[in-house]
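One chain, chain A, appears in both complexes that follow, with chain B as partner in the first and chain C in the second.
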Partner chain A sequence: MMRQTEREGPRETLRTRMGWLHGWVGFLCGLCLACIFATGTLTVFDTELTRWMQPEINVNTYVAPTDTALREAARIVRSQQAQGISAFLNLPSHRFPVLQVLHYNGHEFTGDILDPRSGALIQARETAGGKFFYDFHYTLRSADIGGVRIVNILGVGLLVAVVSGIVIHLRALLPDLVMLRLSVPPLRSWLDGHLLAGVLFLPFMIMCAYTGVLVHADRLFPAQSAAAHHHGGPGHHGHGHGQPPPDAAALLPVPPLGPLLAQARENMQGRDCGFILFAADRITISASDAAGPYMSRDHVDFSLPDGRLLATTLNQGRVATTMQLVRGLHYARFAPPGLRWLYFISGMAGTAVITTGLVVFLMKRRRKSGHLVAFRLAEGVTISVTAGLPLSMLVYLWANRLLPPALPGRDMWEIDLFFTAWGLCLLHGMGRALTRHAASGWREQLGGIGVLGCGLPLLDILTAPGAWGACPSLHAAVGGVSLLAGSVALYAARRVGRVA
Partner chain B sequence: MPRTTARPGSRLTLNRFYAAVAACALSYLTAYLVLLDFIRWAGPDRADAAALGYIAATACLPVLIVTGFGGRAWRRGLLAVGALGVLAALGCFA
Partner chain C sequence: MSITVSLLLWVICLSCHAWLQPGRYGLPPPRPGYRPALWGTRLLAPVLALLVTTRHDAIAGILVWCMTASLAGLVVACGLCFGPRIIGTDGRRVARERRP
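Up next, the complex of A and B:
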């Protein structure tokens, strides 16, 4: 019996089974999850990134929109609706203090920007801005064709990897918190880094994965009748892009919006108003997402053309409030700057947990499977995810500054350049890995991040000096983060070189 | 207590793969039935019922997958998830 056991190999335990599940689910899902987590982390500052990418906007502090500006904005909304565009009005906020007449272009909300004081159009460069990362984060740029479902399945994969990881390390969760050995063999120190970040940011990762899946749970469990009740409200995220534009002939004139905003604010218990939807015979004023941690979609309806109050909808009840909190926690639009930075740092750490996991997975198998083509392809993809994605993000920001501001369709140019750079990184990584020069692949792509990251603040100063003067904290923050990313990448490139 | 021993390389991997697929399929079905249970039993407000069902089903799914896959003798894990699925089905179709 003993001889038979030896012949059949080591005993299979719960830990080995969980290790197998954690490794394979973590690696296969992790290749996409790293991208989803990284873009989600940038999405925490999507509005600020959009502001950075439109240095022509010279309104830097919040002012309440004047009646003139609101009248002009309503006129533009109605004229766009007459052309068949489902436009709505986004009100100024402290994060983005301008009026925006937006419509959904299949990926992002985009449109005209107006000065909240005069209502004059601000000729800002066309860009998807930070909203590109938001779209990528939850649809994988699929224009809502299956991408949301894929992201949801990957989110469940992340939860499975986390739960199996907890089972593996249950006995050592606390010791892992104080264990980081940089002078031991690379595999051990990478594993220590993976465990340390994983344990420290475990609650954040579980919160993000769970709330992220729950926000679009109807895509995972399509119970049609239930989902119809569950989501309710106008269109996707309540912005109404799913609605057909009203018939041009039936569009009624809009009364002055100022008094209606004041009444809406009063009816919504003093919360700020976020956006206004314009139907043919009524307008709907919704509460701002920044008003609190509950993303309630509370709204007040007024009839047109007289501006008579029709109804006030306050979504209350324990279950509804719970779901609002789930959304609020995931989107973090309510968060003040300090909490937003905490989300950002935690998101970065979450991304690091996933990417170190990818590296550990490959390192563990290198000796046994390093000669296989499949292994080298996996290594090439890992290089392009871990180093190629940040490189492409920086290319996106560089493109924003280097493409001519008046270039027609320049928002698509920026996005095309992002994907071109990422595709080239993938080819480069695979080419290096297939020719057994994976270390060079890592070094070169990390070097690219170093050059672009360290050069971005300089480029920003050279191409938008006025914006630095008008909003120094924003530009210093973007420059500082890119400088930090570049420096870390250069250090890592040196370390990879030394190991190679 | 009987000990399960690992089989040689590829067969072991294949068995684990089949176990993972079976655990995923069974867990998804069970979680879905839990959602339908909530919709059926949670009262007249279907929106609230659906939301509660989604909260429960989303929380259950990864735990069920790990349970279904992770039993030391893996059929035990699958049997446990299957039994939960049968209970959920009874609640749904009874």
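Up next, the complex of A and C:
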């Protein structure tokens, strides 16, 4: 008996200390991590969201680009380069079956969209689309390396919270694997929800946090320059913003791209080509990110103007292959639709783990610290993160449909409206929490999600009926998810109302 | 297809897991003769799911296997939470009465 007490003493002390660590690290990092996880979840379908947000694009099935289209695209790239824009050519894929002449605007890749059959310019509305969530996910919209560094530090914080959480819950980890009780006191129910999602989606959360930190591990060190930020990221394709544009006079003409693409595919072991970079005297054709789980930057170089093969670069070796797999797992660009949906659902669950953790943290301290201003501010911020962020995301989607398609700078309008809505949610949440009406704050913001979420499919049908007809599965999926989110929010608002 | 099969197998596995701890989950205790079968199923179903998912692509298969396990856990937890319960988590009989 004595021996057992001696054995349990240090274990309980460890659990208590880990509980403190889990609570505070989890809450302080969790406020930002919830946003990072939520936007990361949407990023799984960033391309599909961009397609949804550009209903003018009438190409819905993949067709290989014709020589005419490739020639026209190369001409546009060269003309943009002559104007000092670092443009490149993104090839059509099954997810986004159009040619894109893109450049980096400091946040996202943006540019002209071309029909892969004719090379004709498609007049789609200007929007950052799903890439906005991608940019937010890993830079917090900071446009420089600071945001990436913060996200990385928070990723380490997530790993700390996860490991401390495992230590706290170790004994009941397996027996309570599928435990959810809603008929017990609210704190216990919320804790059950937090533990259920936390334990079940533990492998996914660890995988995401670990690979996410590893992908940008070099950004943790202050010596990293901003230039490296723009050139190194897998999404940046190594041709980014800040690269001096080639001299217009030195731009050599581009030969027909079709045969070069065929040769590049052959040299890259049959993998599809993803994008083409145009230097003054050479072109580089890189493998598609969707070609497999190893997200490499394998490429084939051709000289200009004759199109002679210069070199084939296949990044092999243990370290390179490991990093390619790490990137591939985190970005999930290789994933077929079914696996992509699993990533999406797991991402939602990961977000739920963090947000339920925030709520549990506040509930545990309400009795003792509920009167403190700091507590109420924390509650206000939690409301704006948990309910305000989804509300702002829906405002972003509504803005896409309601702003005039030809409005100059409408992509920035959409983003400004997103941040304005989120700022208002923060003010509203804080105002309600400071005046001791936190429940009303929850209810009103959840109600907002309900209205906007349930209304989005209707708005989509009214404003883009042709797009519904052309690509019903895409619009049904976006509408279905928003309808589900809206319904869940309305149900939650009703429950909060009952408790209040 | 492999996602559906894996999900189903994981649901079976986790249901067995819950049934092997009837007191904790408020379920009727399994007959003594059923316990080895439940143990076996709990062990075998994930192995089968792994075989099904990794048949074509090992990396994508393992991802599917892990994620369907998580999703199946949610399904089973919701089923246990909202489904009929015979015994309370404290071990007492709490057979639910369905009111009109």
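Some points to look at:
Rule of thumb we're sticking to: the second predicted complex is superposed on the first by the 466 of 500 C-alpha atoms of A that agree within 3 Å, B and C clash if a C-alpha of one lies under 4 Å from a C-alpha of the other, contacts with A are read in each partner's own complex, and residues count from 1 in each chain.
Everything that follows uses one rule, which is that a contact is a pair of C-beta atoms (placed from the backbone, for glycine too) under 8 Å apart; a residue touches a chain by one contact, two chains touch by 3 or more.
Just so it is clear, the structure is predicted and the values come from calculations on it, not from any experiment.
When the shared chain is aligned, chain C comes close enough to touch A:L329, but chain B does not. Contacts of A:D67 after superposition on the shared chain: neither chain B nor chain C is touched.
In the superposed model, A:Y210 lies in contact with chain B only, and not with chain C. Between chain B and chain C, it is B that contacts the larger number of residues in chain A. By the touch criterion defined above, A:F221 reaches chain B but does not reach chain C. Of the two partner chains, neither chain B nor chain C is touched by A:D416. Of the two partner chains placed by superposition, A:D281 touches none, neither chain B nor chain C.
In the superposition on chain A, A:F201 makes contact with chain C only, not with chain B. Once the two complexes are laid over each other on the shared chain, residue contacts for A:E56 go to neither chain B nor chain C. In the superposition on the C-alpha atoms of chain A, no part of chain A is touched by chain B in one complex and by chain C in the other. Chain A contributes residues 175-182, 196-197, 199-201, 203-204, 293, 325, 328-329, 334-336, 338-339, 342-343, 345-346, 349 to its touches with chain C in the complex. Those residues of chain C lying in contact with chain A across their complex are 3, 14, 17-18, 21, 24-25, 57, 59-60, 63-64, 66-71, 73-74, 76-78, 80-81, 89. Against chain A, in their complex, chain B makes its touches with residues 3-8, 12, 16, 20, 31-32, 35-36, 39, 45-55, 57-59, 61-63, 65-66, 69-70, 72, 74.
Chain A makes touch with chain B in their complex at residues 5, 8-14, 16-18, 20-21, 24-25, 156, 159-160, 162-164, 167, 210, 213-214, 217-218, 220-221, 223, 225-227, 229-230, 232, 317, 319-320, 322-323, 326.
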